[in-house]
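In the two assemblies presented below, subunit A is common to both, partnered first by subunit B and then by subunit C.
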Partner chain A sequence: MHRYPRWPIHLMLSFISTLMLIPFVWVLKTSLTGENIFTYPPSILPENPHLFYYVDVWYSIPFFRYLINSVIVSAIVVAANIVLNAMAGYSLSREFAGKKIIIVLFLSCMMVPFQVTIIPAYLITKELGLLNTYLGMALPLCSTIVCIFVFKSSFDAVPKSLIDAARIDGLSDLRIIFRVLVPLSQSAIATNIILAFIWSWNNFLWPLVIIRDQAMQTLPLGLSRFLTVVEDTTGALYAFCIMVLLPGLIIFLLAQKQFIAGLTRGAAKG
Partner chain B sequence: MLRSVLYNRYTITFGTIALLAMVWNVYVMVNDDGIVAGRVVASDGSPVENATVVLSEKTLLVTSPRDKTTTDADGRFKFSGHTVYHVYLEAYKNGVGRAPQKDYHLYFRGQNLNLSESLQIEKTQ
Partner chain C sequence: MTSGHTIFEMQLIKKKRTRELLLIWFFITPSLVIFTLYRIIPLLWNGILSFQFWSPYKPPELAGLYHYEEMLMYDDAFWQVLWNTIVLMASAPVGIALALFIAILVNTRIRGRDIYRTIVFLSYPVMTVAVGIIWQWLYNEKVGLFNYILMSLGITDKGIPFLQSFDLALPSVIVASIWQVIGFYMIILLTGLQSIPPSLYESAAIDGASAWMRFRRITLPMLKPSIFICFVIGIINSFTNFDLVFVMTQGGPGHATDLLVTYIYTMAFKLSKFDYAAAITVINFLFFLGLTLLANKASGGEAGAVDVGK
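On to the complex of A and B.
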C-alpha cells in the first residue's frame, strides 16, 4: 500500500497556525514597543522593547484591585460550575419520565442570547439583594448548559454496574456523584474549569449592569474605563490586553490536555 | 502523596509565580527610598552651582511638578522621598541657560535613580 508523505499536511497546518498567531504576536509586540500599527514596512521583531507600558497600566488604574475582583468572581463561578453541573449531568445520565423533554428544553435555552434575559436577571438579582456583590456577578454563570452536557457524556461512559454497586453499598446519589463519578471524570472537570474560567474572566455586560462601585469592577470593566480615560496610548492599551489575557492563557496551557480529551470524549467509537 | 502534590504542574506554576512576586516585592521594599540624584553641568562640562532642578511626574495624561531643589557647588542635586514612576527632570539657571527636559521610566513608584548622564545646561538665546 502506498503511503502518502505527511509533510505537506504539516506544512499547511504550520502555515495556518502562524496566520492565527499573527494578531496575538502583533499585540504582544506593540505592548513592548508602542509602535503605530500602521507603520510601513511592519517589523516582525520588536525594536527597543521595554516593559514600561505595563508599569503605566499598573499605576494608571487600580489594576490589582480589578484583578482580585476578577479572580474572586471566577473562583466562585468555577466552583459552582463543577458542583452544579456534575449534579445536573448525573440526573441527565439517569432514566426518568420526561427526560427527553428536559434535554430539548436545555438545548432550546442555549438558543436564547443572554442579552434577552438581562432584564429579568437584573430584577431577580435585585430581589435577592445581590446587586454590586461578587455573588451577584457570578450568579448567571454558576451553571452552563454546555458544561452540563460535558459532564453528562462523561458520566454516560461510566458502566452502570459501578453505580449500581455503589448504590448497593449504601451510597446516596450525592455521594455517588462526588465519590464515584467525579473522580473518574477528570477531562470533564478540566473542560468545566477552563470554559467557566474563560467565560467569567471575559464577562463584560453583566458586571457592567450590576456593579455600582468602581472598587468592585472586574478587569474587562477596567479595560473599558482605561479606554475612556486614555485615548491614544496603543502601547499601554495593548499591555493591558496582555495582562488580562495572561491568566486565562496560563490556565488553558496547564489543563489543555484534559480539556481536549474532555471535548473529544465519545467522538470516536470503540 | 506529598511528592505528587509538590511535583504537580499547577503547584509548580503557581508556586513559581508566587515566589517571583515575593522576590520582586522584597526588591521593591529595599529600593523604594524615592531617591533621584544627578548632576547639572554647563556646555563645557563644568558643574553649575545653584541651578534649579524640577522633578515632575509624567502620567499617561498629564505632567505635574512634584518637587524642586538646587544644585550644590559640585553641580549635584538629590531628591528623596518621591513616589513617582515616570520621572521628568528639567534644570535651569537664570542667566546661564536651560537643560533639555528628560524623562526616565522607572519600574515602580519611588524607585531609586542615579542619573548616568548629567543634565547639560545650554545657553538660551
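On to the complex of A and C.
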C-alpha cells in the first residue's frame, strides 16, 4: 500500500476529540469554579478552583442515600442476571420438547421495548405490592434475553466430547454445569455483568414511574429531582453530575476491552 | 436407542431423562416468569386497556375505538409528537455517517489511535440524565458555552435560547443525543471494518482502484451488516429516548420536543389517563414493529442473525 501523510488524520481526530470532550470539560470547570457563574466573558479554565460545591452536594442532598439505593438495585440486577440467564441459557443449549416455541417466545419478547409495556407493568407491580421497593425496581431487569443467548452460545461452544467424558466419569448434570460449563464461560459472565450493570445503573424511566418515596430514589432520580428544585445556575448541580459520572467512567476505563466487547456482542445479538 | 438394551436399562435411561427434563424446565422457569410478567401480560393488557374506559378507582367499561378516534382525529399534539419521533429517527443516518467517518480515521495505522477511540466512546457509558443536564447547561441562554462561542465569533449579539425556541429545541436535543450515541456507532462500525480481509484492498490496489472506488465497492458492501445494526439501534433510540427529553426540555416548549415515549408518560403518570396512553402505546408499538420488520427485509433478513437453535 502506498504511504500517505499522517498529520491530516491527526488533525481531524484531534478536532473530533476536542468536540467530544468539551461538554465534560465545561461541566468540570463549572463544578470547580470559584468565580461567579454569571461572569462574562466566562473563562475556559476555572479560576480559584475549589471543592465547595462537592461538599455542598454531600451535605445538602442525601447523596449517600441515592448512592446506596443505586448500588443495592444494581447488585440485585447483576446477581440475578448471572444466575437466571446462565440457567435459562443452559436449558436452551439442551434438547427438549417445546424448545422451539420458547426460543420464538423469547425472540418476540426482544421486539417489545420495555417502554411499550410500562403502563401495565406499573399496574402489575402495584398489584404485587412492589411500588417503592428495591425488588420492584430490579425485577423487570432481572433476566435479559440478549444475555440468555450470550450464555447459550457460550455453552454450545463447549465441545461435546468434554461433556461426554465428564458424564462417563459419573458426574451429574449439576456437577457438569459447575465443573465444566461455568469455568469455560468466563467471557459470557463478564459480558453479563457489564451489560446488566449499565442497564440498571443508568435506568431512569422505570424507577421514575414506581418510586414515590424520596428515601428510595436512585442516583438518576436524585439528579433529575435536584435539577427541578434548584436553578440551573447552581454550581452544586454540576458537582452532582461529576460525582454521578465518575463511577461509570472509572469502571469503563478500567475494563475498557471487556466493556466494549460486551456491548458489541449485545448489539450484534439484538 | 439400540435394541441391545434390557428393560431395566431402558427404565434407567427413561428415569435419567425425566430428571434431565425436570432440571431443564426448572432452570428456564424463572426467566419465563419474568418475561411473562413484564412483557407478555403487559403487552396484552395494554391492548385491552386501549379499548376501555379505565381509571384507577372505577370499574372498566368498554370504550370501543373511542381513544383511537380521539387520538387520530382530535389530538393535534399526537401528530406533532409522532412527527418529532420521526425527525429524531431520521437523524440517525447523520450520526451513523459521522461515526463511519471517525471509524475509518481511527482504523488507520496511526499512533495514539486507541486514545482517540477511547475519547470518542467516552460519552456512551455516561448516564443519560447527566448528559441531559450537561447539555442544557451548554445551551444556556445567558452563560452557556455555545452562546459564548457564537457571540465571540460575532454570529449573534444576543444569547439564543436554544431549548426554549420552538424551532431550535428539537435539533438541539438531537445534537445531544448524537453526541451520546456516536461512540457506540463508531465501535460497531470499527468492529465491522476490522473484519474485512485486507487482501481485498490489496488486490483492489493492484488493479489500480482509487480510494473512493475501494470505499464504494469494498468497504460499504462489507459493512452492510454493521450499518444495519446501527440503524436498528437508531430506531430503538428514537422510540425509547425518554431520559434526555425529560431532563432537557420536559417535552416543551409546547410539544416541540415531545416524543411518543414522553407523551405516553405524561398522559399516563401525570394526567392519569392510562386508557388513552395505552392506545398511543399500541400505535407506538405497531409503528416500531413495522419499521423493524421493514429494516429487516431491506437488509435481507439479517436481523434474524440471532442464532436460533444453531
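The rule is simple: the second predicted complex is superposed on the first by the 179 of 270 C-alpha atoms of A that agree within 3 Å, B and C clash if a C-alpha of one lies under 4 Å from a C-alpha of the other, contacts with A are read in each partner's own complex, and residues count from 1 in each chain.
Everything that follows uses one rule, which is that contacts are C-beta pairs under 8 Å (C-beta built on N, C-alpha and C of every residue); 3 or more make two chains touch, one makes a residue touch a chain.
The shown structure was predicted, so the numbers you read here are calculated from the model rather than taken from an experiment.
Touch criterion met: A:27 reaches subunit C, while subunit B stays clear of it. By the touch criterion stated above, A:241 is placed in contact with subunit C alone, subunit B being left untouched. In the superposed model, A:185 lies in contact with neither subunit B nor subunit C. Contact with subunit B, but none with subunit C, is seen for A:56 once the two complexes are overlaid on the shared chain.
In the superposition on chain A, A:140 contacts subunit C only, with no contact to subunit B. Comparing which residues of subunit A touch subunit B with which touch subunit C, the overlap comprises 233. Subunit B makes touch with subunit A in their complex at residues 9-10, 13, 59-61, 85-86, 105-109.
On the side of subunit A, the complex with subunit B involves touching residues 50-52, 55-56, 59-60, 229-230, 233, 236, 250, 254.
Interface residues of subunit C, counted against subunit A in their complex, comprise 19-21, 23-25, 27-28, 30-32, 34-35, 37-43, 45-46, 49, 102, 105-106, 108, 110-113, 116, 118-138, 140, 142-143, 145, 148, 152, 179, 182-184, 187-188, 191, 201-202, 205, 229, 233, 236, 239-240, 242-243, 246-247, 261, 264-265, 268-269, 274, 277-278, 281, 284-285, 288-289, 292, 305-310. Interface residues of subunit A facing subunit C in the complex, by the touch rule stated above, are 1-2, 6, 9-10, 12-13, 16-17, 20-24, 26-27, 30, 37-38, 40-42, 84-85, 87-88, 90-92, 94, 96, 99-100, 102-103, 105-107, 109-124, 139-140, 142-143, 145, 148-149, 152-153, 156, 173-174, 198, 201-202, 204-205, 208-209, 219-220, 223-224, 227, 232-233, 237-238, 241, 244-245, 248-249, 251-253, 256, 259-260, 263-264, 267-270.
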